[in-house]
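Chains: A, B, C and D, in written order; residue numbering restarts at 1 for each.
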Amino acid sequence: MPIEQQPPLDALVAACHWIGTKGWCPATGGNMSVRLSGQHCLITESGHDKGSISAEHFLTVNLQSGEVDGGRIPSAETGLHTLVYSLFPTVGAILHTHSVNATVLSRVEKSNAVILEGYEMQKSLGGQRSHLDRVIIPIFDNSQDIPALASRVADSHATVPLQYGFLVRGHGLYCWGRDVKEARRHLEGLEFLFQCELQLRLLEAK
Amino acid sequence: MPIEQQPPLDALVAACHWIGTKGWCPATGGNMSVRLSGQHCLITESGHDKGSISAEHFLTVNLQSGEVDGGRIPSAETGLHTLVYSLFPTVGAILHTHSVNATVLSRVEKSNAVILEGYEMQKSLGGQRSHLDRVIIPIFDNSQDIPALASRVADSHATVPLQYGFLVRGHGLYCWGRDVKEARRHLEGLEFLFQCELQLRLLEAK
Amino acid sequence: MPIEQQPPLDALVAACHWIGTKGWCPATGGNMSVRLSGQHCLITESGHDKGSISAEHFLTVNLQSGEVDGGRIPSAETGLHTLVYSLFPTVGAILHTHSVNATVLSRVEKSNAVILEGYEMQKSLGGQRSHLDRVIIPIFDNSQDIPALASRVADSHATVPLQYGFLVRGHGLYCWGRDVKEARRHLEGLEFLFQCELQLRLLEAK
Amino acid sequence: MPIEQQPPLDALVAACHWIGTKGWCPATGGNMSVRLSGQHCLITESGHDKGSISAEHFLTVNLQSGEVDGGRIPSAETGLHTLVYSLFPTVGAILHTHSVNATVLSRVEKSNAVILEGYEMQKSLGGQRSHLDRVIIPIFDNSQDIPALASRVADSHATVPLQYGFLVRGHGLYCWGRDVKEARRHLEGLEFLFQCELQLRLLEAK
């Protein structure tokens, strides 16, 4: 079935399996979600290998309360998903991955953003039209206090709007799209750009 | 079926799937074509993942007008495909890919060409007989103005003839062959040589 | 069948196949074991490719004598497995792999430990709660005299307790868990962290 | 069927497919052979992709004349295979591959040998018992004149006997074993060691 016609959960399960194949969520790390409505999203339950996850390992989360209906509490990082859904009513899917490239680049870059420039593949990000423009991916210092981290992300967005995603230092990438298909393209494009950027820095001893 | 006996579109679809497996066209990037006659080629429609593309996602383009018969307009980069077909009547297939190695090498090398020398695998390119010869792969600065880029490629070719392909800086590789089979061999050989060249530069801190 | 419900040998065979796919045990290297009881474990017989190993290629070893019941003698490195089972009554599975990253990192790091700090993925290791903590993975110089190496490991453990695993310099990683599932997660997490650490050292020219 | 019981050609075809999966023979490069008797070997015909080669793409070569019975002439590099079979009556299979690591390491190392030392995986090579020993893999400058190259290899062997294989600079690896199974293990072990050695040189800026 073409991805556009898949039910959202099926599309998200397929995205998890693809992410597993890519090695971007080793050792049960990461979490993925899809919006069901203005009030709810589905999100991966903690502790499952993304490459072999199935439909019963997703929880329905209330976007206002951040809780699973019925009172079960999802993983702490759910708070970053619900933040992004509340900031962007048009976002339909969020992918949070732990790749080597995202982990290392977010540590090597000591400032608060990775700036991507001069790459044709910037155009894989919705709305980008030229390699001459600059794509800014913010980096936030990691924290185990997710509400505090979410608050820093929200504050930063109020000044410089987020676009496609952000990095958490030494941790990984959050990225999103209108639907699972666009979120996958953004993830694949950003991972490509991160790998290029690391290679370029190595070769140019920057 | 042996690749030599495949209908051209079948061979091109198989090449796209293989390129998808290699990771040389992430996030729906790249485009691939095969010549049908002196007047027409088939080319990938924009926006499809190459690893899972199927026969209905190809457009028939008029090599003179650069348009799809009936008036649909294919992706802008079609102009580089039609240029190559017009420069080389014997070219039967063109592969345009976006690999990390092609992207990075074309930025690290600041001159207008990558020169490959001393590699046995240069002989994977049609007509090359010795590692002692030099293979010159031109690099053109990227542009979103494809007619202007095509014009620079044509001008360069008038002075120093193109042979197997060229790089667009920070963008990717265009390469070709008599048929899909030879274009695949050239792509695989060039990608191998680009990876060797990057590794060698890293190790020799060139 | 969910991995938690697999018989231990089935889970271990599946782990070997997965390790083969990852390329962490090339050329028949490495050995893997699972505890059967307080007295016995099953361990891979030497000389088999881990990626295609099957259930008949495992030996039942007596944890006290280190011998196969009936007198057959398993590979020399069995002594490190039996040591770990005797040090940790709760350990249920041990994976010993030979990856490029573990081999190289254990040589590049000249001290007696790799210290991992600042990585979210440290939390893939049982009991770790924050990227701000330090995970210490000891490195022991390699030896062909396994009883002597086991004695050095035991002495070190008496001073600084082992937690998840240790490296043998220029050789590979030993890691473990309560069961095969946790040992796999520890292996995948440590391999990820080793790859990040190598990349980071390259980029920071440490 | 266990590899030990496979007919030699079946084992060699399986080895070619495995090498294709590893990416060690891109763009139809490389050639592989197996001894049939004191007088003949089977060798891959030039120009086929090793990952999808089948039994009809092998030629029977006379080890004395270097010719195919009936007068067909196999690829020029057959002369290096027949040399190795004549130098070592116990060699049953030869694998000649073109990997990035073998190509780059043989260029980065300017002397006439790669010396491997301190790696447990040296024991993947028949007869090696300790990481403290040194494994010497000679490097010969590449040449398109195969009889001349074969003569240099034979002269070198007369002084310092070859053991497992040799590198041709900027070209690739020749390695061998008693049978296809041992040749595969030697190839996998040497490729692992070459990758470690390149990583180590990068990290130690040697």
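We adopt the following convention: a contact is a pair of C-beta atoms (placed from the backbone, for glycine too) under 8 Å apart; a residue touches a chain by one contact, two chains touch by 3 or more.
Which chain is which protein? Per UniProt: A, B, C, D = Methylthioribulose-1-phosphate dehydratase.
The shown structure was predicted, so the numbers you read here are calculated from the model rather than taken from an experiment.
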> Going by the contact rule set out at the top, which chains touch both chain B and chain D?
Replying inline: none
> If we look at chain C and chain D, which chains touch each of them?
Replying inline: none
> Where the centre means the average of the CA atoms, what chain is farthest from chain B?
Replying inline: C
> In terms of residue numbering, is the interface formed by chain A and chain C classified as same (over half shared) or different (under half shared)?
Replying inline: different
> If you average the CA atoms of chain A and of chain C, how many Å lie between those two points?
Replying inline: 32
> Approximately how many whole Å separate the CA-defined centres of chain B and chain C?
Replying inline: 45
> For chain B, what residues touch not just one other chain but two or more?
Replying inline: 202, 205
>> Following the definition at the start, I'd like every touching pair of chains, please.
In response: A-B, A-C, B-D, C-D
>> So in the complex, the part of chain B that touches chain A is made up of which residues?
In response: 26-29, 98, 100, 103-104, 107-108, 142, 144, 168-172, 198, 201-202, 205
> Contact residues on chain B for chain D in the complex?
Replying inline: 118-121, 124, 129-132, 185-186, 188-189, 191-192, 195-196, 199-200, 202-205
